[in-house]
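Read through the structures below before going on.
Paired with chain B in one complex and with chain C in the other, chain A is shared by the two complexes that follow.
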Partner chain A sequence: MLSNIGIGLIASTLILSFLIIYIAILNLKISRQVIEKNIYKLSLFQTTFTVLSFFVLIIGFISSDFSLINVYENSHTTKPLFYKIAGTWGNHEGSLLLWVNILVIFSYLFLVFSHAHDKKFRLYTLIFQNILILGFLFFLLLNSNPFNSIYPIPLEGLGLNPILQDPALAVHPPLLYVGFVGCSIYFSAAMASLLSDYGGKLFAQSIKNWVKISWCFQTLGIIVGSIWAYYELGWGGFWFWDPVENASLLPWFAITALMHSLIVLEKRDTLYAWVIILCLSTFILSVTGTFLVRSGILNSVHTFASDPSRGLYILFFLSLMIFSALTIFFLKYKKKSYNLNLKSKETFILANNWFMAFFLITVLTGMLYPIFLDVLTNVKISVGPPFFNIVIIPLVVPFMFLMGIGPKFGWIKSKNKILNKFFFVILGAIAINLFIFYFFGKYSLLSNLIFIAAIFLILHSLLDIKKFINNKNKNELPRIISHLGFGLLVFFIGINHQFSFEEDFNLKVGEIKKTNKYQINFKNIEIKDTKNYKAVIGVFKLENLKNNLVQYLNPEIRIYSNPETLTYEAAIKTKITSDLYLTMSNVSRSEYYNIKFQDKPFMIWIWISSIMIAFGGFTRLTFKKNED
Partner chain B sequence: MKISISRIIIFSFVIFSLFVFWKGLKIDNNYNTKSLIGKRISNFQLIKIDNDNQYISEENLQKNRHTLINFFASWCAPCRTEHKYLLNLSNENKEIQIIGINFKDKKDNAVKFLEELGNPYNFVGKDPGGKISILFGIYGIPESILVNSDLTIIKKIVGPIDQIQYDQILQLIQ
Partner chain C sequence: MLTKKIKNRIFFLIFIFLISIVAISFIIKSLNKNILYFSSPTAIKQTEDILFGKAMRVGGMVKKDSITINQKNIQFIVTDFENEISISYSGTVPSLFAEEKGVVAEGRLTDKNFFVADRILAKHDENYMPPEIKEIIEKNVK
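Our next item is the complex of A and B:
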């Protein structure tokens, strides 16, 4: 039943996409400056049908309708309702349907909200967006149909992977998809802009809100994924330079560069070609990331059951996208010379872009090199954190200095006077760094530089806040929040990295382990039985030897039944100044447990500052048009 | 369209990348280590865990009829469960050589681990960065590889050795 309804809705969407493209092409030839009413209607229908199809799938999951293969493979009657729903996008087919949904919804919203802009530009955008929609709809129908049915109908499902049964992970994919798939709309808009010669300030205005929206969601999505890894994977780390994390960073670097250079295009009407390149590459990088992850070329926690035919289709579509983008770009590209003054805001924004490009290329190289090497020479290597840390971290130092200084400069040209202030702020930053260095511990020269640069950026942002309180210039606020967030993030990551404490040991019930600061007493083991899993819970009494504070930590080993899997839940005690992190794993046929204990300073501040970065973007979104 | 060198470079780069991706799709999954069976080991060199001047290489493996290379770490819980099988193997079969490769571990912890549980290995080598293990297609530990004197891999065990695997090893080295 649901299978037929779902396929019916998808097929209708497909037909509507063809119709929209057809009518839009006809409409292009008419000289009237209005878009035909029918196109709006068709787009609205298209949106309704896709959204409905997604709800049909959700209903399938809620009602545990195992006649759908997708539900059978990824759900189970005993799952809590929340995870039944989240299971809808916790698998390849369902997430692809979500992907199509976002393409379609953004297409409609762009059509509605861009009425102030040129008709030809809007129609071309709509056509390109619908070509993208068609591409993914065919993929969905031919290769990854979430509505495929199974007969005889199984009585019970196979269940959702337990590590995905986590609140953070239920919201992580939708956030990222809005972020990554949202980029599609300015990919289409950039192509349309080239074809309809609708460039410059007006083009910047037409896409800037979409860029901001997708930037905010990407940022938030990446943060949530990182938080999940910290809580769920049980290593106590929050960023692993895992290929899939890298895949999510690539479009993020491109979109962050885009968001900044778009301001230059809007205010100064230069950098048009560069903005177009960034628009195109952001979505191309999103799809490349999807290809690498879904095809199984990269292995990670994100790999769904991999299937080469899936990869082949995405690769085909990706090639089509890249070649048409390149061709149209080269056909329409006109060389323009830029006259940028060294001491102007636009120069600094361009500097930001160069840094972003550098980070992007570094991560891309680290990610692709092992694949290239494997394919061409059959040598397997892994590029890990040392590479990324060595190449990226030193560059963060000048990057943060420029981030502090840049916004102080005016458009076109500035006086030398403002440079004097920087001198005092640097002195302040060096003084604070010396204070930390002297009282809390020694660290390397590079760490010193990182701290100085981070404190420099923080101090600058704080001075900006002071200025903001005086003059209430709202435009500056989002930038201040995000830049302050970034400064704090680097600062706290630095502190966390320098002053973390970690110890590994084996313990059995009743035993006590002393570290330099804590005494860990393994008091007891408790068994908990819930509907979804059984858990072995350790009771650990933790005594701080310095101030005699006693705390209890309860790490769990969970045994999920459907599918049968073990997961290790870390016990985390979060305080304002530090996180205590304890995981235990069983040592089979032994009464000993393997314990990993970590004391991680300022963890919560890493999350707070990274959320601040995203929050800055969200505040910008709340501004009304005329205030922008 | 104007044709310039930079454009040709960009296009060729894109085509090359896409071609590699396409080839990558057909490649057997990176970590399918089953395919290692029947292959020969080459460029094998292992430095002793507590002495950087001592090492073993292929010649050493050729001297023994069978060598079991076991990948372990002190932080790895399942390694403890398989340890007694390794001890049995070394006690009851003098012909087989057992080499331990200490995977991404600290020296002190590894030494403590062997003091606590006993040392079944004829030689313990270090692999702090995990690079040697990658050569053998190791992606999680414990894993073990059985090699004959021709340096050919004849068995690969993913996960801890249990009674069944243990019996199979005995059969193979008979």
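Our next item is the complex of A and C:
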């Protein structure tokens, strides 16, 4: 039943896509400056049908309709309702349907909200967006159909991977998908802009809000994924330089560069070609990331659903996208003269773009090099975190200095006077760094530089806030929040890295371990039985030897039955100044439990400052609306 | 004659070119320093010029009844059904770590029979076998 309805809805979406492209092409030839009413109607129908198909799948999951293979493979009757619903997009087929949904919704919204712009440009955008929709719809129908049925109907499902049964991971994919797939609309718009010769300031205005929206969601999605990795994967870190994480960073670097250079295009009408390249590459990188992750080519610690046959289709579609993007770019791009003033905001925005490009190339190299080497020479290697740390971290220092200075410069030319102020802020930053260095602990030269640069950026942003309160730079608040967030993020990561304490040991029940700051007493284990899993809970008494504060930590070993899986849940005590983090594992029912204990200063502030970065983006969205 | 504008542009291009060369050679140099080679116990035995103390990865199956645990660390034997290597590790293991299951350890060789791991990798999916290990096993078990 549901299977037929679902496939019917998808098929109608597909037909509507063809229709829209056809009518749009006819409409292009008519010289009237208005888009035909029919196109709006068809687009609205298309949106309704895809959204309905997604709801049909959700209903399948809620009602545990195991006649759908997808539900059978990824759900179970005893699963809590929340995870039944989240299970809809927790698997490959369902997440692809979500992907198509976002493509279609963005296509309709762009059509509705772009009425101030050129008709030809809008129609071309619609055509390209629908070509993308078709591409992914065919993939969905031919290779990964979430509505495939199974007969005889199984009585019980296989269940969702327990590690995915988590609130953070329920919202993580939709956030990231809005961010990644949202890029599709300005991919299409960039192609349309080249074809319809609609460039410059107007083009910048037509896509800027879409860039901001997808930037905000990408940022938030990456943060949520990182928070999940911190408390679920049990090793106490939050960034692993894992291929999957890297795949999500690539489009983020491109889109961050785009967001900055778009301002130049809007204000100064230069950098058009560069903006187009960034528009095209952001979405291409999003699809590349998805391709690498979904196909199983990237060997990652958290690849959940992968299958090589999927890779081939996405690879084909991806090459088609890149090829047509390049062809149109070189055929249609017209050269414009370009003047750069060294002492202007543009220079700094360009510098931002160079840094972003450098980070992007670094991460891409680290990610792809092992794949190439394996294919060419059959030598198996992996590139670990040290590579990324060594290449990226030193460059964050000049990057942050420029981030602090850049916004102070005016658009065309600036006076030398502002340089005096920078001098005092640098002195302030050095003083604060020296204070931390002498009173809390010593660290390397590079760390010193990082702290100074981070504090420099923070101080600058704080000065900007003071200015904002005095009502001098009204439109700059979003930028200030995001830049301040970034400064704080680097600062707290630095502190966290510098002053973290970690100890690994094995304990039997009843034993005590002394470290130089804590006494850890493994008092007892308790057994808990819930509907979804059984748990072995460790009772650890932690005594802080310096202030005699006693705390209890309860890490768990969970045994899920559907499917049968073991997970280790970390015990985390979060405080404003630090996190205590303890995980325990047990091998072959040995008497000894393996313990990992960590004291991580200012952990919560890493999350707060990274959320600030995303929050800055969201305020910018509301800000500009007020202005219009 | 070259105008000032064209001169500036040429300098700018040369500048960008030099910067990119520096950046790319920096990336490649650090990459070569920080790659981790993957090896099987047999490959370790057979390689003559193996580097002790350099970070690398070793993979295979955890041998049955080989896990021993004391107060400080966990020791186990990894086999590719031809050769074996002892691995010692301290810390919590991933939930999929078990006897007769595939494992990848990251760390350093102290000699050809003994490996100290900093990190144990195991995958989230219980049916999943790391491709490197799959290849080794298919080669040795007929």
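Just so we're on the same page, the second predicted complex is superposed on the first by the 616 of 628 C-alpha atoms of A that agree within 3 Å, B and C clash if a C-alpha of one lies under 4 Å from a C-alpha of the other, contacts with A are read in each partner's own complex, and residues count from 1 in each chain.
Note that contacts are C-beta pairs under 8 Å (C-beta built on N, C-alpha and C of every residue); 3 or more make two chains touch, one makes a residue touch a chain.
Since the model is a prediction, treat every value here as computed from it, not as a measurement.
Chemist: In the superposed model on chain A, is it clash or fit for chain B and chain C?
Modeler: clash
Chemist: Would you check which partner chain A:Phe330 touches, where first means chain B only, second means chain C only, and both and neither mean what they say?
Modeler: A:Phe330 sits against chain B, while chain C stays out of touch.
Chemist: In the overlaid three-chain picture, which partner chain does A:Val34 touch, first (chain B) or second (chain C), both, or neither?
Modeler: In the superposition, A:Val34 contacts neither chain B nor chain C.
Chemist: Taking the superposition on A as described, I'd like to know which of chain B and chain C A:Thr583 touches: first, second, both or neither.
Modeler: Second partner only, chain C.
Chemist: Examine A:Leu318 and indicate which partner it touches, taking first as chain B and second as chain C; both and neither are also allowed.
Modeler: Once the two structures are laid over each other on A, A:Leu318 reaches chain B alone.
Chemist: On the A-aligned overlay, A:Asp504 touches which partner chain: chain B = first, chain C = second, or both, or neither?
Modeler: both
Chemist: In the superposed model, does chain B or chain C contact more residues of chain A?
Modeler: In the superposed model, C touches more residues of chain A.
Chemist: Which partner chains sit in contact with A:Val375 here, chain B, chain C, both or neither? Use first/second/both/neither.
Modeler: First partner only, chain B.
Chemist: Taking the superposition on A as described, I'd like to know which of chain B and chain C A:Leu155 touches: first, second, both or neither.
Modeler: Touch status of A:Leu155: no partner.
Chemist: When the two structures are overlaid on chain A, which partner does A:Phe358 contact: first (chain B), second (chain C), both, or neither?
Modeler: Only chain C; A:Phe358 stays clear of chain B.
Chemist: Using the superposition on chain A described above, determine whether A:Ile595 touches chain B (first), chain C (second), both, or neither.
Modeler: The answer is second: A:Ile595 touches chain C but not chain B.
Chemist: Overlap of the chain B and chain C footprints on chain A, residue-wise?
Modeler: 299, 380-382, 504, 585, 587-588, 590, 592, 594, 596
Chemist: List the residues on chain C that touch chain A in their complex, please.
Modeler: It is residues 12, 19, 23-24, 26-28, 30-31, 33-38, 55, 57, 67, 69-74, 90-99, 106, 121, 123-126, 130-132 of chain C that touch chain A.
Chemist: Which residues of chain B touch chain A in the complex?
Modeler: For chain B paired with chain A, touching residues are 1-2, 7, 10-11, 14, 17-18, 20-27, 29-31, 74-75, 77-78, 80-81, 109, 130, 134-135, 137, 160.
Chemist: Could you pull out which chain A residues touch chain C in their complex?
Modeler: 161, 163, 234-235, 299, 301-304, 340, 354, 358, 361-362, 365-366, 369-370, 379-384, 386-387, 390-391, 504-507, 557, 563-568, 583-585, 587-588, 590, 592, 594-596
Chemist: In the complex, go through chain A and note every residue touching chain B.
Modeler: For chain A paired with chain B, touching residues are 291-292, 295-297, 299, 306, 308, 311-312, 315, 318-319, 322-323, 326-327, 330-331, 368, 371-372, 374-376, 380-382, 504, 585-590, 592, 594, 596.
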